[in-house]
Structures are given as C-alpha cells and as structure tokens.
Amino acid sequence: LRQPLPENLHARYRAIRNQTLRLVGPLQKEDFVVQPIVDVSPPKWHLAHTTWFFETFVLVSNATDYNLFDKSFPYLFNSYYISAGDRWSRADRGNLTRPSVDEVFAYREYVDEAMEKLILEADLTSEQLHVIEVGFHHEQQHQELLLYDIKYIFGHNPTFPVYKGDSENEDKLPVIAIKWLPIKKGNYHIGHEGDFFCFDNELRRHEVHLEGFEIANRLVTNGEYLDFMKSGGYSDHSFWLSDGWDWIQSNKLECPLYWFEEDGEWKMFGLSGLKKLNINEPVAHVSYYEADAYAKWAGLRLPTEFEWEMAAMEYGTESLSSGNFVDDHLMRPKAGESLDFFGNLWEWTASAYLPYPYYQAPPGALGEYNGKFMINQMVLRGGSYATPQSHIRPTYRNFFQPNMRWLFNGIRLARFI
Amino acid sequence: LRQPLPENLHARYRAIRNQTLRLVGPLQKEDFVVQPIVDVSPPKWHLAHTTWFFETFVLVSNATDYNLFDKSFPYLFNSYYISAGDRWSRADRGNLTRPSVDEVFAYREYVDEAMEKLILEADLTSEQLHVIEVGFHHEQQHQELLLYDIKYIFGHNPTFPVYKGDSENEDKLPVIAIKWLPIKKGNYHIGHEGDFFCFDNELRRHEVHLEGFEIANRLVTNGEYLDFMKSGGYSDHSFWLSDGWDWIQSNKLECPLYWFEEDGEWKMFGLSGLKKLNINEPVAHVSYYEADAYAKWAGLRLPTEFEWEMAAMEYGTESLSSGNFVDDHLMRPKAGESLDFFGNLWEWTASAYLPYPYYQAPPGALGEYNGKFMINQMVLRGGSYATPQSHIRPTYRNFFQPNMRWLFNGIRLARFI
Amino acid sequence: LRQPLPENLHARYRAIRNQTLRLVGPLQKEDFVVQPIVDVSPPKWHLAHTTWFFETFVLVSNATDYNLFDKSFPYLFNSYYISAGDRWSRADRGNLTRPSVDEVFAYREYVDEAMEKLILEADLTSEQLHVIEVGFHHEQQHQELLLYDIKYIFGHNPTFPVYKGDSENEDKLPVIAIKWLPIKKGNYHIGHEGDFFCFDNELRRHEVHLEGFEIANRLVTNGEYLDFMKSGGYSDHSFWLSDGWDWIQSNKLECPLYWFEEDGEWKMFGLSGLKKLNINEPVAHVSYYEADAYAKWAGLRLPTEFEWEMAAMEYGTESLSSGNFVDDHLMRPKAGESLDFFGNLWEWTASAYLPYPYYQAPPGALGEYNGKFMINQMVLRGGSYATPQSHIRPTYRNFFQPNMRWLFNGIRLARFI
Amino acid sequence: LRQPLPENLHARYRAIRNQTLRLVGPLQKEDFVVQPIVDVSPPKWHLAHTTWFFETFVLVSNATDYNLFDKSFPYLFNSYYISAGDRWSRADRGNLTRPSVDEVFAYREYVDEAMEKLILEADLTSEQLHVIEVGFHHEQQHQELLLYDIKYIFGHNPTFPVYKGDSENEDKLPVIAIKWLPIKKGNYHIGHEGDFFCFDNELRRHEVHLEGFEIANRLVTNGEYLDFMKSGGYSDHSFWLSDGWDWIQSNKLECPLYWFEEDGEWKMFGLSGLKKLNINEPVAHVSYYEADAYAKWAGLRLPTEFEWEMAAMEYGTESLSSGNFVDDHLMRPKAGESLDFFGNLWEWTASAYLPYPYYQAPPGALGEYNGKFMINQMVLRGGSYATPQSHIRPTYRNFFQPNMRWLFNGIRLARFI
C-alpha cells in the first residue's frame, strides 16, 4: 500500500465519516431503532458498529492512552468478530432502544476526535495504515447496507415513508436494444494487482481459462421481467433451481421484492416512495434464484464472475467514473444506461463465492472479514447506486446467499458464442 | 350502569388519558418503537391503540361528522377485533417506525378533542356511555401493559436503563410471619353484582360450593423463593406440571424473570434499575408453572379464583384503598405487607379461565374483548402496583397463559382445612 | 380395594393381555413400526410399553429373582415416568425398527409368564394388588390408544387400508329427535366413592353446586355438523375461541379429521376403510375448538364435566352395559342411539382438567400417571367404541389438549334452563 | 452411446436389479419402513422408486400395452420429478406402512418381467436405450443410498443392530506415510468424452487452468482426525467457515457422525455394529464444514474437483479396478490404502456444484435429474465402498449440501506447490 500524507488521510476520514451521517439525515429517531428481519440491522447499529470498528482495531490496539467511550459498547456493537470478544446477539439488535441515537452520535464524535488526533499526530505504521484503510472500506460497505436497511424498513411500512423526494423528470428514456459484447476463448488473469487497496478475497491474482462468450451491454429491465412473470415464469418449475422452486412456493413469491399489484397495476416502492412501475428501469431486488430462472426462461444464462470481470475490463471501465453511484444521490437505478458495468445495480454472477488460489485469510480478527463466509453464497459484481464510487473496483467481489433480495442488485445476461 | 354527569365523565376521561401520558414521560423516543417479543407491544402502539379504541367504537360509531385522523390508522392500531376489520400483524408491530411518536401524540390530541366535545355536548345513550366506560377500563388495562412492556424492554437491555429512580429508603421491613386465614365450607356467591361497571367475564353472579380452606395473609417472598431454588426446586421434576417441566428444560430456566446471578450474588431488575435482590420483597415474575411448583414444594397449593374472591372479600377489602397501586407511583412491589389482596402483585389462582354460568359475550366487536380468550389460560386476581386503584374490583378476573412471566404477579398460598 | 381371588386375577390378567394381541391381529409387520406424528405411537411400542409397565412396577419392584428380558428395554419403553429412569425420546419412537415385532411378542410372553406365576403363587400385598390393577387399566387405556393410532396410520395412507371389514347393514336408522334432559339447580356430589378401582384424578369425592341445566339425549350427528360447515361455520370467527380460530387458519382446517371431499361428495375414513359419509352417525374427530364452535353456532354450549357426570348418573347408566364398547368389536360409532352416555364416543366437556379438592398425587413413579398433566387440557367423559366396557365409570375423567382430533370423540350439547 | 446386444443388456438389467435385492437381504421387514430424518428414505421406498423409474420412463413411455401394477404407485414413488406428476410428500415417506414389503417385491417382479420382455423382444431406439442406461445408473445410485440409509437407521437405534458380521482380521495395517503427488501448473481438459455413458453434469468437456499443486496419496485417518479433536478443533472458530461454526454450535457437534465416547474411549458404529474406533481407518462421516476445518487446522486445504480429476487420472486409475467397492462386500472403509482415488470413501472437494460451460439439461423429466440441484452443494469425487465398481468414472460428480454427514465420505488434502 502506498503511504498517504496525514492530511489527505485525515480528509478522507472526515469525508467518509460525514457521508454516513449524511445518509441518515432524512431519518426520524424512531427509524434508527428497528430490525424487521434478522438481515436488516437498525440504522443506529450501523452508525455505532462502524465506529466500534475504528475504536477496536485502531484505537484500542494502538493508542495506549485511549479510554473506551463506554465499556458496554464493544459487547453491543461487535458484529461477528469472534476473535474480538463476546457480542450481543445479532437477532436482537432491534430490541435495544438504548444507547439512544444521541448517545451513538456522541460515540461517533468521541471516536472521531481520537482517530483524527491519531491520524494527524502519530507516526502510523503500514499495518496501522492498512487497518485504517480497511475501516474506510468497512464504513463504505455499511453505508450501502444502511440504504438497503432503510429501504426495507420503509418499504415494509404500510404508510410507505419517503426517504428522498424524487425530481419530476423520471427516466422516460426508451430502453436501448440489447447488444452482445464478445470475449474470446482464452486464458485471462483475474484478481487484484497493484499497490492500491483491495480486500483479501480479490487475491491472489491468477489465471483462468474462459470459453468464448458474449455478455449483454445492459441490464434486464422491469418490462422484460414483467414479460417473464406474465408468461408464467413463477409457475413453471422447469426454469427454476430446485431450492429456488421450493423457496418461491413456501414464501408464495410471484414478483420481485418491493413490487405490489393494486387493481391490476404494478407499483414499486423506492426510496422516493411508492410509484407506478417504471418498465424502462432495470429490474432490481430479485434473488439469485429469480435471476437464474429469468435467464433460463430467456434461453440465456448469468455470466461467471470471471467472465464478468473480463467483460467489465474490456467494455465497462468508463462507468467506473460515469456510473450511477451514491455520490450522485440519485437513490434509484437509472434507466436507459448502456455499458454500466459499475454502479446502478450489483449483478448476480453464476459463481459461488469461493477462495481464489493461494487465498490466505489474514491473521487475527480481520481474518474473519471475508474468508469465513466462503460457502453457500453467490458472487455479485459491479456496485450499485448505493455504492460510493471510490469503493468499487473491477476485481471487487460482493456476495450474498441466493435467496437474498433486499440488496440493490439486478440481472445481466450472457451466452456462449 | 348509573348515568354520570357530563362534567364528571369529562374529568374522568381527561384524568385517564393524561395518566397514560404520564406513564410514558420517562421514555426516550427510541423506547417507544420496539417489540422484543411478540407479547410485548411498542409503547407507541399502546398510545395509539387505546386512542383507536375510542375513535372506532365511540366516534366512528356515533359522531356522524367525525373524520378519521388518518385512514391507515384503523388498520395499524386495531389489535384483535376481527369484527372491526383487517389488522396489521401483531408480530410486526415493532417494525413500524412510522407513524412517529409525535404523530401518535397528535392522534391522541385529535381524538381527545372529538371525545371531549362529544362527552360535553352530546346527549349520550346508555349504550354509548357503556362503551366509553369500557374505553376507560381498556385504557387502564393498557396502562398496566405499558409498564410490563417498558420493564421488559429495559430489563432486556444490557445497559439496564432506569425508568424511575428509587428513593433511598427501600423496604427494610422484616417479613411478617405467615398467618392462615380460614374460610368455612359452604355455598358462596361469586361474580359481580350491582350497577357499577364490570367486564362481561365477571358475570353472571352465581353460587359455588367451597370446601373449607385457609389462605395465607401475605405473598411468598423472594427469600422464600430463593430457598426453593437453593433446595433444587428447578431440578426436581416431582414438583412440576409436565408442561412446566418441559418448558423450564427447553428454556433453561432456573430463576424468575429479571433475576440475574453475578459472582454468586442475586440481583433483580426493577423499574428503578438493576439492584441487589431484596429478599423481603414478594417474589414476582414467576410463571404459573413456577408458582404451582413452589406451592407443591411447600406442601401447599394455590387457591382457586373462587376461594381467592371469598377470602379477599372477608379479609382483604381494606387494601382496595390502602394497597400498592400505580396511583402511588412506587413502581415496585412493597415488602412487609399483610392482607394486601389488592394491588402490589397479581396472584395466580388454580382456576382455568372459563366462562361463568350463563355467560354470554356481548354482540359485535366488543364481544371479542374477553370471551374468545377463555381457553388455555389461568386466572389471576387482585391487581398490582401497576394497576390503577379505580380499575380493580374483588370480582375482577385477569388471565394469562401459564408460561407468561413479564406481568407483575406473585404467589399466595392456600391449603384445605 | 377389595381383595380378589388369585385365579380371578389371573383370568383377568390373561383376558386383558390377550385383548391387546387381538387388537393388533389385522396388522402387518410394517404397520407396527411407524409414528406419523408425535402423538401417535407405533403399535409395537404400545405392546412393549404396557409390558414394561408390569415388568417395572410389579416384577422388578417385587420379585427378587426376576431378570430383565433385555437390559435396553426399560430405556426404550418407559414413556414419561421420569422417576423410573431415562427414556428414549418420545418423538423418535417411530425410528426404532428394532426390537422387531417378534421380539416384542417374545417380551410379552416372557413377562406374562413371570406375572402369571407371581399372581398365582405369591402372597400379594394390597399395594401390589393395587399396582397390578393400575396395570390392567393402563393396558386398557393403551388398547384404546392403539386403535386411535392404527386409525391415524391407516387414515393417512393414500391407499386407505382396511382394519376390519364392515358388515353390509350399516346404520340406516333415522336420527332421533333431540330431547332435553333436565337436572335441577342444587348441590351434588362428584367423584368416585366405594371400594372399586378408580384413578387418583377421580378423587376426592366432593360437593359442587350446579345451576339448573338441560343436556341433549344424543350426540350431534355428521349431518348436523355438515350444516354447520355449509353455513360457513369455519369462516365466521364469531363462533370460535381465539386460539381455535388461529389454529384452523394456520392449519387450513375446514372439516373434521378423516373427512375428505371428492367431487362435491363427502367421504369419511373409518376402520373399515374410506366410505361415503353417513350423516346419521354421530360426528367424531373434532377438536375441542370445533366442538365449542359448533355449540356456539347452535346457540348452545358444551356441558361441564360435573353437569355431565350428574346427567349420566341420572339418565345414562343403562349404557354402562348396553353401550357401544370395544367388546362389541363394531369399531365405529353407532348411529341412532339415545342416552348413550357411555361408549360410542368420548364427549368433550367445558371443564379444564384440574385437580379435585384434596387431590394428592400418589408417591413415586405412579404419581406421574395423572397429576402432572393437569394443565392446558380439557376433560372428556364417557368412553368410546374403543373403550373396554370394564374400563369405564361415571366418574372417569379423560383429558386431551383442545386441538387434538385423533381420539374417538364427539359432541353432546347442553343449555341452562 | 454404443448399441449393446439385447442379451447383454438383459444380463446387466438382471444383475443390477438383483444386486438391490441382495443389499436388503439382511433386513427384517420392520427395517424397510422408517424414515428417521427427511434425508433418509425407507429401504422399501428405494426398492419401489427405482422400479417406478423403469415403469415410468421406459414402460409407460414406450410399451403401448403396459398396464400399471397399481394406479397409486406413481403418486407414491415419484421422488422429485415435477414433470412426471404429483408426488407423495418426501418428508412423509416413513409414514407409509402400505404397500407392504411383499407388495413392493411383487411390484419389482411385475416390472422386471415387462422390462425383460421389452429388452429381449423390442427393437429399442437409441433414446430408449439411453433411458434404460440411465435407469441402471439410477438404480446403482439408490443402492448406495440404501446403504447410507440402512446405516443411519441402525446407527440411530440404541441396540445398534448388525447389518453384516465382520471377519476377524480387521485392518491392523499401519498407516502409510503421506506422500504429496504433484501436478504442474497448466491448462487441462475436464469432463467426460467418448461414447460411454455419463451423466449430463459431466459435460461439456472443457478446458481449465490449474495452478501447480500437490495432493495427498491417501485419505486422512481416524487417528489424525482424533488429533484435531483433541487439540480443540471443534472449539476454535478460526478453523471454521461461519455457517459451519454456527452449525456445530447449534447441533452441539464434537465428533463425526457415528462416533460415540464411552468412559473415555471412542467407539464407532459401522455396518458390522458398534466397535472400538480403528485409528488407522480413514475418517468418514464428516461434513464439508468439518473436512474444511480439519484441512485448515492442518495448514492445508481440500482440492478442487478439477485438481482432483487431474490427479486421479494421473495417479489413481489403478484403483478404478482395485478399489474398495460394494462388489467386494467389505462394507466398511479400508485402512492402509494408498492412491485409492476410486472406491473406499467419497472425497469432499472445494468446488461448488455448478454447471460446466455449455451445460444443457436434457428436455423432459430427466432434465430434472441433475441440473436443478446446482446450487448450495459441494462436489464429491471418487465413489465409496458402497459404490458399484461399474458405476464410477474419473469424471463422475457427486454432490451434497455441506452439512450432510450420513454419506460415506472422507477427506483428501491438497496444497499449492
């Protein structure tokens, strides 16, 4: 990792920490507290947990004169780091009305002060710099989760609160035609290289062999997905993985999350409230099972994460800067985009989340960050409209269980040549 | 029912409604929202539901010019009145961050204004007066539940928030000796009579035959219950009902709710926080299973609700005015009391909650108030320190499933002569 | 208890033990093994468990030279007697293919030989005689359960096996008109007295006061129950206890157990196979919830167990000998009966299963026989077509949870005068 | 597929069908019926289901004059082929005492007669031949499952029945030293080719790139696994995948399936009964989670399925004929083996079960055979002592969820060079 100037590190710290606060700006205090399903954490918890991360792995580890803000907080705000000590049960995060939102804000200020002092005044080792860098990316990941969770909380409230009013000019852009972008059969290199930050799961860069394939230039739209639904997609088992079929049966699912049919008309809940379904927008909030079933119905398939990475490098790098990221504060997927490999919506790949060759989890608590989740999950690539632009990379691997739908994800199709 | 003067009715309305607000005074906004278990409703919900009760059964039914405060509220705040229309799922009350606490307060004000106008200006029928009276008692029941739920929320928070600071002079009174109060074998009349309000489940007044028995002059204390625990009460099946034994095994229970052992010392959580166990205080927060097991261990038994009613009429009526009620704002059970049949702690009886002879549920939604719950529950009698004094009667029947422990209840023993 | 002659005791022992074997006569070996729900035990288990009862409580306790048939059997065939040692999990009884049916039969022979020797040769104490008597009644209870369980196993097999072919002349008798049998208001004595055997739960005989009431002379018929169903009984919450309503919703219940609708026609599974519903037969296999809902729909109610006992003593004693018992081997409820208080079908009462005054569970393992189940169950009275005639008494109290339906029970209605 | 001579096809049919009967030879009728967990099917069910497969996909599809043996059997014995019509619930297979074992045997004979006639007399199309071939392999797979299920049924019976007595000379062979077999970095071809049978999931043969690696010449032994246990392997989270850690916690697992500790000594249940743990035998009945944790504890890893296939082709082909297969009727893993890539125990690989490039599920019901299970499972390779020798191939892909342990599987380790 390259050594940053203290003032630059300090500026990044403040920017990232402030961005978290900006995201919870529209919330009322009540919104900070609840946990409607175990996957959704209370917004308050995200604010405290990201703070705990810096406190625990930077301040407590390094600053000899640091005093904990509150002795109960490590217990309350550790997520899943067994090495870092006992934790409050994840499923019960939504039962904790205290510490209050104000106390959590005070906690952030207290830790920020100590962190900023450390960054500006201490002579940080490269190990310390690395952990701070991880803390930045960690907080950015939670910024994204915050938006997932806020959307879930609001989207499951029958009054459908609005997080952010939308401008009038919703995308009326026509859907562009699908074009197939080819990648030739051959050996390719996959994974991170260079001296910029990456997570351990992007390593070790290695060679893979790919068959020749083509990938779509854009995501599947709501209108296209509606065609799948109308043609009986949810009632024809032949498109579905067995687990997925059982899952839609037992949960009585017939449409993506946040879709509602009222009097024969489809509506969709977004951060700007409940609105008429925009058929031009890319479809979001579908599980891997649904994405895979859609692809099979269309006679196509999802790309592997390796195919995706190669295609994104070849065709999509412009969207690394031009994509729809949280920085734009659009807060919804953008219709009419082409080659938006980065931003807009995460894209399910047909790859299970498994270690790359030579993968080694780091020692200590941070070794629990990624490696221990490498089972029963599928990889997503590319980032979403809730991802900070500075957070994403072509080699970035996101991962969720195949039945998860509250993330901001969509579908990109592929086929062999 | 005797016809009250409008101004007296108005004064009662305001007093009862204000009392609810007084009880939530110590809460922070975050405390109003959560539902840690399905039995515990968010405090905000109680505030809105009691308001919905007046709105639905008085204002909407009677006042032709009344406009709903919010069209979604009847759906959100109906509890279990199937006749009154669809309801939001009980288990999901704690997921609703909106309407906010402020909106719920505004809802209360809006309905209060309409109710007070109706009370003062309308020529109320006796049916209307009855429903308003039910509304008063309904709100008082929820005031008590509010305190159960607040205690549960605070008592399951590892920071153990304080609801109300306790005065220094905690009861140091010595425990009085048990005296056995006799009632002769014979026929007795049970149930409500007279033109004062009662719930339908207290009717019809009827004759029962009782064997001669004796009942204890006071409740079982924490110290006595600790003896039961120390002598292996939780590990000797012979004291336990089969369902109770299975229940303590599968929930790994070894003490009452809110008891915590730290370094060999027992502590107890109360509305004034986590404190050293007061062995002189009456034991609280035991299930029917535990109460029954304790009684068997002691070679005694719980009284039936009929025995209790007769004994309370004979020996306990003074506590109808002198008892430890919510009006005193002590907010904990009182030690050293004798003959406190009323107030302090509800008392489990050995009677299943079943209809009295000739019982008839009233027509309409209010018919769902009591009758449909007459199965799988046990009767408790006498009220608690969370009960308004004006709410309790000797014939009052409270009821809970035998595994419930978050209510404010204790144990009174009996034996045959 | 009166002292029987050894040869009479021996004759009874053989008769009762042989009757168990007679009941499993129609089974194939495969039928002996399975446990489709936790409440249904494998027939093989009943055969072994009743044998274990004699082995444990008579032979092991008394005969100093008795050797266990197999050291693993006490562990395998103890049901719920915690005092008698560890047990194989009840829910896993249906996983045990071994010991085989043949081994269980051999076990019965081995224990029978020892028991018969003891009965004929030993000088039995009155305590021993009592335990043997309990063993008789215990085996008779399991004979009845055997038939419940066989019916369940066969009735949940899509091939609907026949246990016993029915004669051609099925009851074509017209349904007799309901007559209301009155009992006057007053004090009555309830519970067992005399020197014949009874279970502990029938004691102590005591006085109760009853309001004047009337009870139906016959059970509700399938035709009458069908009227309830057709008039929307299962979809109108106002007839239902809250727990019952939730239970029929979550289990999607719309008719009694073993009823099947095929092409608009109702069929019913019985021990003689799947047949057209006989509308004249008394309705069976309804839960307490359904019985209670039916009664409310009819504007009536279920009798209490005290009312039932008094009415049965007054009007029904003839059926103690003439009733439809297992001895007749009819193996189905009989239509067209009047005053059949005993036999035919157990009758739900509106009484919770609770101890009588002065009830005391016996010491030791047999104290677990009845007392520990006195919670969350409702009392049934009168016996069924699966009950041995010599097993029933007017004071006999049967009990099941209110959602149980696989027992052989029906509905008798009552009303206050 | 090459066209076989009718008489050879007929001989294979008889041999495979007879082998199924041979495997159930030691069972008593009771053993055929039960289903202790949903994954374990009753032996009777396997016998009928494999017969249904031929009946449905060969006889009903092709033989115009074929009459079903029993109209209810297709409903009862279809497993998961949604395209083939409605099915009896999988979880309730163990509740069906009928059809009896004798009827199932008669069913087999009836179908065998029709099949043998068809094979000998009809002019089969290549499509028909293919389906028959699938039927052979299908029956062989169920032969293996039969043994898993019999072992489970016997191994969960506290009397530990013996399936097959073991000869005296249990393996006393010393464990051979681990040798590391190298494979060079490079591109390799994976998947089936040629005109012999393979399952669809082994296609399409394709190129992969592998890093250089080494693989162990033998499986991990019980003794080595015991070292892992003794050194705290089950209580140190750092070796475990997060899902695996949660799984061992909530199931309180501390050793492989079928291991029992008695008085400080480890025993192991096998098809020859409960015996002292043989530390030289390869460890079996570990989940993927345990296999992966063991590998991490050892500082090594599991091979991918591609690595495994290349290594097996390079080093293990001799065991294709010399391996420990069901044909040898040893009925337990063999100790002291080297290079036994085939037979003995299936080997967990680090590969998720996913489609190969260009994979296409066949049309119709047989398309449900493999493809729809390609999610949430891990690949195993190589076969076991319950696998018929004629069933296995180097490209054969077996697959199970990572928490499954009742299969006959072990652990082979790998490492990068």
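Which chain is which? They are A, B, C and D, in the order written, and residues in each are numbered from 1.
We take it that a residue touches a chain if its C-beta (ideal position, glycine included) is under 8 Å from a C-beta of that chain, and two chains touch if they have at least 3 such contacts.
Note that the structure is a prediction, hence the values are computed from the model and not measured.
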If a chain touches chain A and chain B alike, it appears here: none
Inter-centroid spacing, chain D versus chain B (mean Cα positions, whole Å): 59
Between chain D and chain A, distance of the C-alpha-averaged centres to the nearest whole Å: 38
In contact (per the touch rule at the top): chain pairs: A-B, A-D, B-C, C-D
Parts of chain C lying in touch with chain B, wherever the complex brings them together: 80, 82-83, 187, 206-209, 211, 237-238, 240-245, 288-289, 350-352, 354-355, 357-358, 367-368, 372-376, 402, 416
Of all residues in chain B, those that touch chain A in their complex: 28-34, 36, 44, 72, 75-76, 88, 92, 94-101, 153, 156-159, 161
